[in-house]
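First chain A sits with chain B, and in the next complex the same chain sits with chain C.
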Partner chain A sequence: MSTAPTTGGPRATPPGRRQRLLGELRLWRPLDLLGVVAAWTVGALLLLVAASLLLYMGIKGLQYVSLDLLITRPQPGADQSETGGILDPILGTLMIIAIATAIALPLAVGAALWIVEYSRPRWLARVVESGIEVIAGAPSIAIAIFGLAIFQLPIFSWASFSAADGGGVFGRSFIAAGSVMSLIALPSIFATTREALQSVPRHVREASYGLGKTKWATIRRVLLPTVKPDIATGTALGMGRIAGDTAIIVLLLGATLQLQAGSGIPGVGTLQGTGSTLTSYVYNNSPTGEGNAPEKAYAAAFVLMLLIIGLNLLVAGIGRRRAGTDLPR
Partner chain B sequence: MVEFPPPVRRITPNGSPNVVDPADRQGMPEPIARATRPSYGPERLRIDGVSIHYAGTERPAVNAVTLPVRQGEVLALIGPSGCGKTTLLRSLNRLVELTPGASRQGRILLDGEDVDHLEITRLRRRVSMIFQQPNPFPMSIFDNVAYAIREQAMRRPGKAALMPRVETALRRAGLWDEVADDLGRPALRLSGGQQQRLCIARALAVEPDVLLMDEPCSALDPISTGVVEELIHELRENLAIVIVTHNLAQARRVGDHVAFMYLGDLVEYAPTEELFTRPRADRTREYVQGSFG
Partner chain C sequence: MTDRRAELMLGAAAVAVVLIIVAMVVFIAISAWPSFQYNGLKWFGSGGDIDAELGDMVNAGGDPTAADYRVRAWPLIYATALTTVLAVLIGVVVAVLAAIFIVELAPPRVRAIIVPVVRLLAAVPSVVYGLVGILVLVPFVNDHLISENQRESVAYVITLNGPGVLVSVLILTLMITPIMIALTVDALSAVPRGWREGALALGVTRWRAVMSVSIRAIRPAIVAAAVLASARALGEAIMLSMVSGSKGFAPQPWDGVLFLFEPLRPLAATIAEQAEGIQAPALKASIYAMALVLLVSSLMLSVGGSLIKRSLRLGTAR
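Let's turn to the complex of A and B:
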């Protein structure tokens, strides 16, 4: 590094970037400098962790993933070669996502609309808002235990299967896990919808009211279409969280590898029954669990990561699409 | 106390408003001839001792204002910033009620009927409003206008059924020729001036009796301003129009009567030329001669 004046020399014009940077650095206070160095270090470390995770999962996953694995059902077996594929966990994950989203979406959007557009009575609005905040902050294992207690109540006997002698309710089923899982997605859908509604300028609402439209018409025809991309973003984020949650699955779906109908009614029986998801499959087959199929656990984890990355890309795509059709804010 | 002079028919030779700052006229179309100006029709809207308070403020934002609005005339509201023009305008279709803590005293009569006794959605269709900022909805051009037309019925009329009325509204707002080839375009992709004319089309589509315009040209370039002003001239034959403007030259060009407000009070109400050339109140003179505000 040269300390020579920047005038003259072969690379003098324009003054080298490095020189400029050094000049700038000299103006900084020591504390600022420390901050910048720390930020860079942390950033680089995080990047390293993320990159090695992706690399590790990618190598392990690609090694074991095959089409065959994706479309065959898992089998109990002592040896990895006998344990079949991960079709049921994939279906299970998709089913849980579908059930939980179907419940969370209307609830979250409804709550956000009510809080932003009506907010009356005030105290109740505040209670609901902090309630959702509490759910957002609660560890999913706590939510899971609470959910299990609920779904083992006799009035929920229709949601899972009961002991043959009319005794205890099992409390574990796709209905139970999906319903409780909706609490995991609800806060993110609620938050993005609420923020989007709050950022719709007042004059857009007034334009609608000024045309003699009712509040409901305004919500349905103006506000909801306006915030639709945000709702989609929140939903995709929520789906990612659902796909990745293990605690609720382990406690509320049980640990049968295959889908197992809870009653003879076609379709409904499956919902009342138990099964597995990618997360519980990884948990049960990982080397640290009772795992007897670590390779398949890697493959399943890889598929799960792809699913979640896909959902995140979807979010990014929605974000990009909305640029241009956005409201002036 | 303000008295209301009887409606006078102004005859200006070849219609050009006198003394207009040349700088103000730059890029504007020639003043619209006023020789064919219609006579004023019946009184449509009466503002009767209206005061409006906002919560947490001592002074009323609008203080005991009484004004008539007649069919076939344009009433221009002028006054320095914060004098209550927007507040008064928003009270005429009861939009002011949307502001928490705002309260109104006094009566507003639409064709002799107290607006408080009218159904609010009905009132707002009869007294339509155009805002300072163009505020089209984030939907297509067609849907912006169609939304205004559609009644809150369970059965919604289809696109084909609405097309004639959408076209009429867009034609009246002078936008049809520019957008006819692609009505499915998002309204937010239009230029600011086009957006404002779309908002005018939307407001006209409900076939109002009174049109309220709050500084409709403040976000527009001189050309678009000229287009909108011309539109106002054409529209006033069938509607009563109230326009708020900061632009004195504009008030003079489009207004038939001008009301000057100051700190919530109505200081002076007079036929346009009279107010600009022979103002009775000192404040009005100071304001129109540009020494404050």
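Let's turn to the complex of A and C:
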């Protein structure tokens, strides 16, 4: 964690420490010296690579991003000056995050509460835990292809649009991509919630029972408020993963430039329709995609990075506030 | 709400999650079955041009014959294994050294910057890494590293124009290393200070103390980090489809330097690129077969990882 180191780590430099270290170094074996040099080199390299990557993205982004770009809709076109902005991908990303979080949050928190507070029968609890481990490790492309098959089933024809001649269900829409995306966010919300619940000491629950509260009342009035910051952390982490995932979007959102409503009903139609997100926009506008507009791709990637940095800061902020207000347990 | 109902409701959420996962595995396995049925174990073998085979499946349309199901996926499997193993091997070494630097060597001010930066790098979407790869690294490799002679020597098999093993492994390493560093740093700074001081008191140098006590103690965490990173590398589709050259070709290590520039395409990237043609039954079965292989490998990876972790823990406890 990024919290202040409680153990290990170099201490504040006492005077003369450098000389002593240099003196000591002379006695070291060559292989050990090599190790120290390697560690320093890797550390310096890490800083260098990180700085150049972030600076590069920042410069390229600031160079190409403009208010105009952010609020105009993208248009298909060969000429770069006519391809419009990235309004629809931004909206798409936000919609996908909203849909996926709305599905993942209750499922993950519910599952975590059940695991920690009930988990009867035992075998089922173990199955649930390993099941969530399976999704956490499963490649998102495998999850995506599963979702495509599911949403192409006739019973899910309401979730996307069907071919006009009564043929196959298209299987690509905001509903499809959002619900499959919820699987991506689920493990991180589940893990943080479960850990937080497990760290609530027994006596807190017992005090609540002692006051005559039922188990459910204890969960709602005592446990959930206590672990709320951790749920928020997990959710923000999950949102970051959702915003960054490309495979599911490419397979399940149809990757049309603009939001295209699936049916006439406003609101619902958009959910049934296809669209793009920042990630699929970047992918399609990279030299491998159809658009091939690197400037637009850089701009979209920059906005995406800002979103990710924002979510990261949110996580750090929650952690810091929590560290400040935590009661001794 | 009564307690009983609450338990049922929360239990239902947990069971729903399990059902989704079971449905996923079963569904993928069923859809993949025709491909394995027609190919048998030769599915994993080499021979034939995988790109041509996949193309034929699209052309076969809605009513494929048994011959249309022919897949020899070795180049794709090999590409997946190659990129994953290389990236994870480099990543582990870099992550351990970087963690030692961050926890033991770096001045506090540097550490205060580097830890959040590493966390940020771990959260950067893979498509951004792919973009940097294809717009910066690929042109560089194409312009400065590949010579005309090399290009001509293999022109009748493949075109070398930048994307390939070198760029893929580099970007993949860059993508998976931050998360490994973050996990290793967490573990390393949780090693009780007394353990290392005990070693120092016995007259060992600081480096030796770190290597023999701290790193030894966090071996389970290193394994966990490597498993997580391998799972990510294994399933990375979009970024690798951008920078791998996207050709069903098995790069040959005995080609020397040339090997580094040869194009390839892992399983995950193949799925992402071929998913458009999923209406063709033969292609659909093959794509699901690839997804099943990926799913099973990631499962085995996490099982293997937890076994190794357990044996390491037992080893240190004794």
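Convention: the second predicted complex is superposed on the first by the 291 of 329 C-alpha atoms of A that agree within 3 Å, B and C clash if a C-alpha of one lies under 4 Å from a C-alpha of the other, contacts with A are read in each partner's own complex, and residues count from 1 in each chain.
One rule holds in what follows: contacts are C-beta pairs under 8 Å (C-beta built on N, C-alpha and C of every residue); 3 or more make two chains touch, one makes a residue touch a chain.
These numbers come from a predicted model, not from an experiment.
In the overlay built on the shared chain, the residue A:G212 is in contact with chain B alone; chain C does not reach it. Of the two partner chains placed around the shared chain by superposition, chain C is the only one that A:E133 touches, whereas chain B remains out of contact. Taking chain A as the reference, the larger set of touched residues comes from C, when chain B and chain C are compared.
Of the two partner chains, chain C is the only one that A:E117 touches; chain B does not reach it. After overlaying the two complexes on the shared chain, residue contacts for A:L253 are found with neither chain B nor chain C.
In the superposition on chain A, A:R221 makes contact with chain B only, not with chain C. In the superposition on chain A, A:L105 makes contact with neither chain B nor chain C. In the superposition on chain A, A:P294 makes contact with chain C only, not with chain B. In the superposed pair of complexes, A:V65 makes contact with neither chain B nor chain C.
Of the two partner chains, chain B is the only one touched by A:P201; chain C is not. Residues common to the contacts of chain A with chain B and with chain C across the two structures: 214. Only residues 1-2, 5-10, 12, 24, 27-28, 32, 35-36, 38-43, 46-47, 49-50, 53-54, 56-57, 106-111, 113-115, 117-118, 124-125, 127-128, 131-135, 137-146, 148-150, 152, 168, 183, 186, 214-216, 219, 240, 243-247, 250-251, 279, 282-283, 286-288, 294, 297-298, 301, 304-305, 308-309, 311-312, 316 of chain A touch chain C when the two sit together in their complex.
Those residues of chain B whose C-beta lies close enough to touch chain A in the complex are 93, 95, 98, 120-125, 128-129, 131, 133, 135-139, 147-148, 152, 186, 188-189, 199, 202-203, 206. The touching residues of chain A, counted against chain B in their complex, run 201, 203-214, 217, 221-222, 225-226, 324-328.
For chain C in complex with chain A, the residues that touch the partner chain are 1-3, 6-7, 9-18, 20-25, 27-28, 31, 94, 97-98, 100-108, 110-111, 113-121, 123-128, 130-132, 134-136, 174, 181, 186, 188-193, 196, 205-208, 211, 214, 227-228, 231, 234-239, 241-242, 246, 268, 271-272, 275, 278-279, 287-288, 291-292, 294-295, 298-299, 301-302.
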